[in-house]
Structures are given as C-alpha cells and as structure tokens.
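Order of writing sets the chain letters: A, B, C and D. Residues in each chain are counted from 1.
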Amino acid sequence: MVKVIMHGCNGKMGQVISGLIAADPDMELVAGIDARDDGHNPYPVFTDIAKCDVAADCIIDFSAAVAVDKLLNYCVEKKIPCVLCTTGLSEAQLAKVDEAAKKVAILKSANMSLGINLMLKLLKEAAGVLAPAGFDIEIVEKHHNLKLDAPSGTALALADSINEEFDNEYEYVYDRSTRRERRPKKEIGISAVRGGTIVGDHDVIFAGADEVVTFSHTAYSKAVFGKGAVQAAKFLAGKPAGMYNMSNVIDAAM
Amino acid sequence: MVKVIMHGCNGKMGQVISGLIAADPDMELVAGIDARDDGHNPYPVFTDIAKCDVAADCIIDFSAAVAVDKLLNYCVEKKIPCVLCTTGLSEAQLAKVDEAAKKVAILKSANMSLGINLMLKLLKEAAGVLAPAGFDIEIVEKHHNLKLDAPSGTALALADSINEEFDNEYEYVYDRSTRRERRPKKEIGISAVRGGTIVGDHDVIFAGADEVVTFSHTAYSKAVFGKGAVQAAKFLAGKPAGMYNMSNVIDAAM
Amino acid sequence: MVKVIMHGCNGKMGQVISGLIAADPDMELVAGIDARDDGHNPYPVFTDIAKCDVAADCIIDFSAAVAVDKLLNYCVEKKIPCVLCTTGLSEAQLAKVDEAAKKVAILKSANMSLGINLMLKLLKEAAGVLAPAGFDIEIVEKHHNLKLDAPSGTALALADSINEEFDNEYEYVYDRSTRRERRPKKEIGISAVRGGTIVGDHDVIFAGADEVVTFSHTAYSKAVFGKGAVQAAKFLAGKPAGMYNMSNVIDAAM
Amino acid sequence: MVKVIMHGCNGKMGQVISGLIAADPDMELVAGIDARDDGHNPYPVFTDIAKCDVAADCIIDFSAAVAVDKLLNYCVEKKIPCVLCTTGLSEAQLAKVDEAAKKVAILKSANMSLGINLMLKLLKEAAGVLAPAGFDIEIVEKHHNLKLDAPSGTALALADSINEEFDNEYEYVYDRSTRRERRPKKEIGISAVRGGTIVGDHDVIFAGADEVVTFSHTAYSKAVFGKGAVQAAKFLAGKPAGMYNMSNVIDAAM
C-alpha cells in the first residue's frame, strides 16, 4: 500500500488524483494540503503543510509556484519523495529543487501523461531506424482556440527528443508558404492547428518512399496528467535521493 | 456506348485512361492522338489530330499546352465535346477555350478527382451549419518532398470554397509561431506537411466545443485524376455548347 | 431572448446545459425541474413540474423515462415546445409523444450532437455520388470499454441514412474473419473498436480506385449533446405544433 | 559497393528493385535471372540461374515458389547470401531453406516493409508499458476489396508480437455484434475494413483513461516491400551463415 499526501488537494488536478487513488486498491490518500478547505474530502486536510504530521510514502504536488518552497522544505525534513507537477518555477526555485534532490527523491517532467512520455522514448528508436532509410520527419499538433503559444511545448519536446539522436542537425520549420523549394532533408516541419476545445493531439509522422509511419497521441481531458502522476508516485515511493523523470517510470515498467 | 478519343494517349495519364475505358462496358476508346507512337495501343493512333477521321462522342485531353490550340480547333470543327485536363494554359489560350465553349461543350476543373470535387461541394454546406455554431475551420494538407509550393492549390481551393460562403471574411494563416494570441474567429489555418512520396492528403477540420468533424481525402496515385476525367466524359457526351466543371458532373449524379 | 425551463436540471446533462445557457447572451434559464434539489442553482427549481408557474419559450428535457408523461402533459397544457432528449421511452410513451406533437412542437433525435446530425445529412449526398462511381462504404466506430452493445446506435443510424438512398439494398457485415471471398459490392462493413474511456468516434469511409474520402466525428465529452439541445431549443421556440428532429435545426441554419 | 543479383528481375517487384538499386550510389545490380527476357534491362539477364557466372555480394529474390529450389542450391554453392521474398513455399522447401541457412546467410520475413518491421519491434515495448497501466489494445486494418482473407496476415503478426510479451494470454476478437458485455481486459479486437484499392493500412491502438496512443502504418504501393528488400541486401552482404529476418536489419541500424 503506497500512502500519498496530495499537495493542492482542492484544485482541479488534486480532485482528479483523489478520485484516481480512491479507485486504486494499492494506494491510499492519507492527507491533503490546500490553502483553502471546506471539509468535503474523505481524508484530513491541512491548510499549513508544516502542521501535517501524517506519515506517507510519497507526496504528489499540483499546486502553485508560491507554495513550492515550503513543500520542498517539508519533503527534505520528513524524507518523503515528491512528484513535482507545478510549473512556472523561478530560477531560484529550480536551483532549490536540485538541492532538495540531493537529499530526497524528486520526480519532475515536462508532460506527465504516460502516452507522451512513452512516445518520447520510442521516437528516438524509430528515428534512428527510419531517418537513415530516407524518411522525412514531420509533427502536427492540435490544441484548443484559447492556447496562446504555438507550437506546443510538447511538440517541441517531441522534436527535441528526435533531434538529440542526430546531434541537433535538424532545423525546425513552421511555415513553408514563404519559400518555393524542395523540402531540405535535415528539417522537421512542425504544424500547429488551433480550434474548438481540443485538449491536445500530437502526430509524429515519418514519411518514406511509398510508406508512412505515424505515432499519434490524443488527450481527452487533463486527467491524463493525473494518471501519470499516480504512476510516478508508485514508482518513486522508497526510491533513494535523486532527480527522476517520467522516462524512469517507463523504463522501470518495461 | 460512349465513344472517346484520347488526346495525349501515350502519356502517363493517357495510358491510365486507356486502361480505365477498356474496363468500362459502357465506353469505347475509338482513337488516340499523340505526337509519338510505337503502335502498342489496341486502338488507332494519329500523330496529327487533323488527320483523325474517327467519329466520337467526347475527347479526353491530358497533353501539353502546346497541343491545345489545334485540339480546340478540332473540337469546334467536328462538334465533339472535350474534357480539358491540360494545365498551364496561357491567357490567350484560356480566352480561346472560352470562345470554343460558345460552340461546343468544354469541361475544365482545377482538380479532376471525384472525391475532392465532392468535398468542395459538401464543405460549403458543412461550413454554413458549423461556423455559425462556433466551429473553427482548419486545413492540413500533406504532399511529397519534391513539391515546390505550399500550401497546395487544392488546399487553397478548399479554403476558397468555404470562404465564398462568408463573403471572403476569413483570413488564411500559415504560421502561428510568430504570434502569441488567442485564435481569431475569422481565420482558416492552413498547414502544409511535406515528406516522402505522399501523393496528396487533405483534411478539412471543423473543431467545436467538445466535438470535431473532419473531412479527409487521400489520393493513392495520380490515377484518380484519370477516373474523374472518364466520369466527366460520360457526362459531357451529348451536352450542348457551354463551359462545364466537375461540380456539374456531381450535381448530375445526385 | 429565449427563456428555457430545464427538466432534469440537477442531472449531469442538466448541469452542463445550465452552464451553456448561462454563457449565451441570447438565452435565459428561467426555471429548473428536478425530483431532488439542494438550492445551489441560480434559478428557481421545482420538485414537481405541476407547480412550475414560470413563463418560458421552450423546455429542454434530459431526465428519466418515468418523468416524461407528466412532462408531456405540462407542455401540451402550457403550450410550451419541448426538446425531448430522454431515451428508453416505452411504446405507450412514444405514442403519447406523437399525440402531444399534434398540439405543441416536440423535437426528438437519436443523437443530439450537431456534428453527427450534419453528417447524417451530408452522407446521403456523398453516397449518392460516390457509390455509383464504384466506391465501397465502411464504418468504424470507437467507444469506451464499458459500452455493452456493438455497433453503436449512432453507427447504425449513419449506415441507415446511407442505405435509405439505395432502397435498403446494402447488407451490414460485422465480421469478415469467417469467410474467404472478395468483398460484395452491396455491403457496408461496420467495425466496433472498444477501449479506454473513448467517448465516441465515428468514421464513415468511402474507398474508391486510388482515392479514399472519410467523414470523421470525434466527441470529447458528453457536453456535445447539451450543445445540440441548446441549438434545438433556440430553433424550436415559437414553432407551431409538430414533430421535429435535429435535421430541421440544421436545414434552418443553412 | 554492394553487388546484387536480382532473381525474378522481370517481374513487377524485380523491376521496382532494379529502379531502386539504380538510384542507390552504394549498390550495383550486376545480373538478373528470369525465365523470360526481352533484353530491355541495362544488366545481363540469365534465363537459367546455373549459367550465371557473375560475382555478387547478395541475391534478392522475388520470384515463384517453383524457382526457389534451384536458387537455394545456387546460393549454397556460390556462397552468396540471399534475401528470400517469395512466399507460398512448401514444407519441404521451408526445410530446405533451414538447411541452406546452415551454410549461407538467408533472410526471410512475413512483411518486408521497414515501417511494419519497426512497428513489430516498438509495439512490444509499448505494450509492456501501457498494458500494465490499464490500456486496452485494438487493431484496425484496411485493404482493397479483392483481398480474400481477413484479418490480414500482417495484422495477426502485429497482434502476435504483442501477445508474446504476455505469455499469449490475450484472445483475439473479430466480432462484437453477437455479444452484450463489457470489454474483457485480456482481449485484442481486430477489425478488417475492405474497400477500393487500399494497399494496406494498419493501426494499433492503445486506449487508456482519457488518452489514446496509436501506431499507424500506411503503404502507398507494393514498392515498399522492394525498399525493405534493398535494405536487407545491404545488411546481409558479408554476413556469416544463418537465418536472419527484418528485425535484425533494424537492430543493426539502431
């Protein structure tokens, strides 16, 4: 039984994870931390992490950057591993995360979904085989019409994952309408589709002579990030100090 | 039985169409025209169209712009309808086509595939329903890595077909990486994927609140253009003088 | 301003529709009906429809079959049009719906999503063009792993919509593993994929010589049915007595 | 420079491979073997393999079962490795292949396309991660309307590749229309779509909670098998005696 403290338990992701753990016979949510609480959770909730005295095997964090300093202090002091999902940390906070990871296990990833993290890994292998055989590589991502940036951070992470295999020789191209030429070999086209409420689709396309191999990931809701965090917590419980990411979770499962 | 003369019978498309007509019990290829001939076709071939004295119900043309003037003269003189598929005509030739159409039936379209021409028609209806209901419109096209231009002429024709329904209020956007903003409502994103030997894929995406409707067309070979030309020839045989296009063929079939 | 009464306001769909109407400047939710209420809605809720004395232009119903008889009585008596989305009605109730439609406007459809209802309409046109040109028709639907029946009712409705165009000459085939033969022309293959939490994907595939046209619909949540119901309510307000369905809503929008 | 003899050089695949090798600066087609020849190839052609005295590093075979016995004798005698692509060998011939592989390198695979063979490999890894995390596995394949069997041999090979990872605990299901129940966990649904001239599409779908990962392969022509054979010949040249398959080619490339 893996005992978990949910940091940010009353946020949207905190509630999603509460549900996922409640349905998992191998896990137990023993306490929550949140700045506000109305008592509706079936576990004790502390509005100040310093007052939480419940023993746990792992903390899952989906909170806000402002709460992360106290969280890291707590993890180090109590020697509880932490799956850290809050984004937008400052440089100083990132340095503090590194420091904490010398004393306790910390897991941090750009994207918590199991599917995307598996793709990040398999794409390296696929590109290693297909690119030398002449396949061109393209990425198409689709997101909702409120997303401000393009392409998505995940699309760039997928491209980077491939590019690392080739000493970063590939250039990324976002617009072909302004040129008139054959496609250069060492390029990855990245297209960003925006519309409706699409949560996040990513296609990585390897196009060769008369055959195309495509790796696709579709997210149907933000709950997938919760699912990945729960997997990560199971993995991290009992691990020695150090910095981990989702690819370690996947490697351990294989 | 529709009797056809194939203009440009020894070119790639001419041979494709020869095969399609041979397999069609309602059609007969009665003669071919080509600058060069080695006698391998099962029908008589004339290297000079002026010498062709075979009666026919329609001419299908996949030749070269240089041969089109004599072709038009022949059609007008013999009163034979013509499915004109050669592209890259000069302004003077286009004017001559219009003149010829006053005396004989001429059919000319940007894309001869039945599938794309059906989509051009249905998209107008779809956009008329979905755009007012808040759906965003996006197009993704994919072609081989030798294609020089982007986006494809067919992708632009699909976008134009929709835009006409809305007084051309929509702007086309080819690159979102250089801005940081919510998607404007009156925009159609057009993405161009390039790779391998992809003949031509076109997706038109209507993305709304929690649902997405997609119209997709995949071409597996250039033979689809031949198929459309054969359909067009059946339609055009016996028609009065005038300018026709593939949407007339589709309307007649419905 | 279209004033709506929500019948079944505290159910999942009732709450979804409450949110959609709150965000629509042209509509107002003036009252709710539900067997149970805890007072959390911003509009008055009646636990007995007979006691609801609020004037409205339309009722939207997502309740339970047991509540439909009283609902129909109410609509007829108050002359309020009704978008009836509850399924599983008895034969007697369906007869009662028909009776009610003689006195007040009633709208009822197998699937309330705008996208699927548009596809039902466009597929007839597409099949009318493509089937005579030799295209084969196939349907692939995907749903979550808890769904008991296969294929989905919506997949069958899509097939029926096409089949009606051809005097129901097409046979549906669900399994090709038990035979060894070329595909018969007058057949529609319907494949059912089951897995995870997929809300509902439907692909209708027209496969011809070297080209494939696909119509796809993806639902990301059950909210799409709410959206369709809201569209329907706007349409139905002020309409004379009669039986309507979602295709009337679409026709009116075109 | 890898010198190749093409066995079956005047067949469709033989001509495809002739073209591929002509375009490859690292390979040379030094001789062809075929029962019939009209002298149109740019390399010497022998109608009897026993008379071929041209030195080569590898033989590529796309011929007919009846020609395979003499081919194997030749390979063993001359010590030339062989990429054996002819299918439909008898039990006696398969035994002879095994014997030959003790003396010379022989490569034989169910499907010669690089893309499918890569997928066979990556799917094992993907299933090892995703199945324990609760993802359901489904396969959808699409082929032309003349194909007699369903599902395709390649779809079954993909399923088997996954099933081997789980001690063959998964059952394959081809029809869900005859039952009414929740999807069993240990099942792989395999759907077969048939239509038009589709060369061969294969989707392997992993559907989890709120996310779906799909591996897709599309073949645009049978030339992809030629491309795989050429890759295999490069790999096999110089290899010691033994039985190889396409996964060895892929492993070597990684």
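Note that a contact is a pair of C-beta atoms (placed from the backbone, for glycine too) under 8 Å apart; a residue touches a chain by one contact, two chains touch by 3 or more.
All values reported here derive from a predicted model rather than from experimental measurement.
Peer 1: Please identify each chain that touches chain C as well as chain D.
Peer 2: A, B
Peer 1: Measuring between Cα centroids, what's the chain most distant from chain A?
Peer 2: Computed centres place B farthest from chain A.
Peer 1: Please tell me the distance, in whole Å, between the geometric centres of chain A and chain B computed from their C-alpha atoms.
Peer 2: For chain A versus chain B, the centre distance works out to 46 Å.
Peer 1: When the centre of a chain is set as the mean of its C-alpha atoms, what distance in Å lies between chain A and chain C?
Peer 2: Result: the chain centres lie 37 Å from each other.
Peer 1: Listing for chain B: what residues touch at least two other chains?
Peer 2: Answer for chain B, listing residues that touch two or more other chains: 197-198, 206, 208-212, 220-221.
Peer 1: So in the complex, the part of chain A that touches chain B is made up of which residues?
Peer 2: Residues 134-138, 140, 142, 145-151, 174-183, 189-198, 205-212.
Peer 1: Which positions of chain B touch chain D when the two form their complex?
Peer 2: Residues 197-199, 220-221.
Peer 1: Tell me, which parts of chain D touch chain A in their complex?
Peer 2: Against chain A, the touching part of chain D is residues 113-115, 118-119, 121-122, 125-126, 128-130, 132-133, 206, 208-221, 223-224, 227, 231, 250, 253-254.
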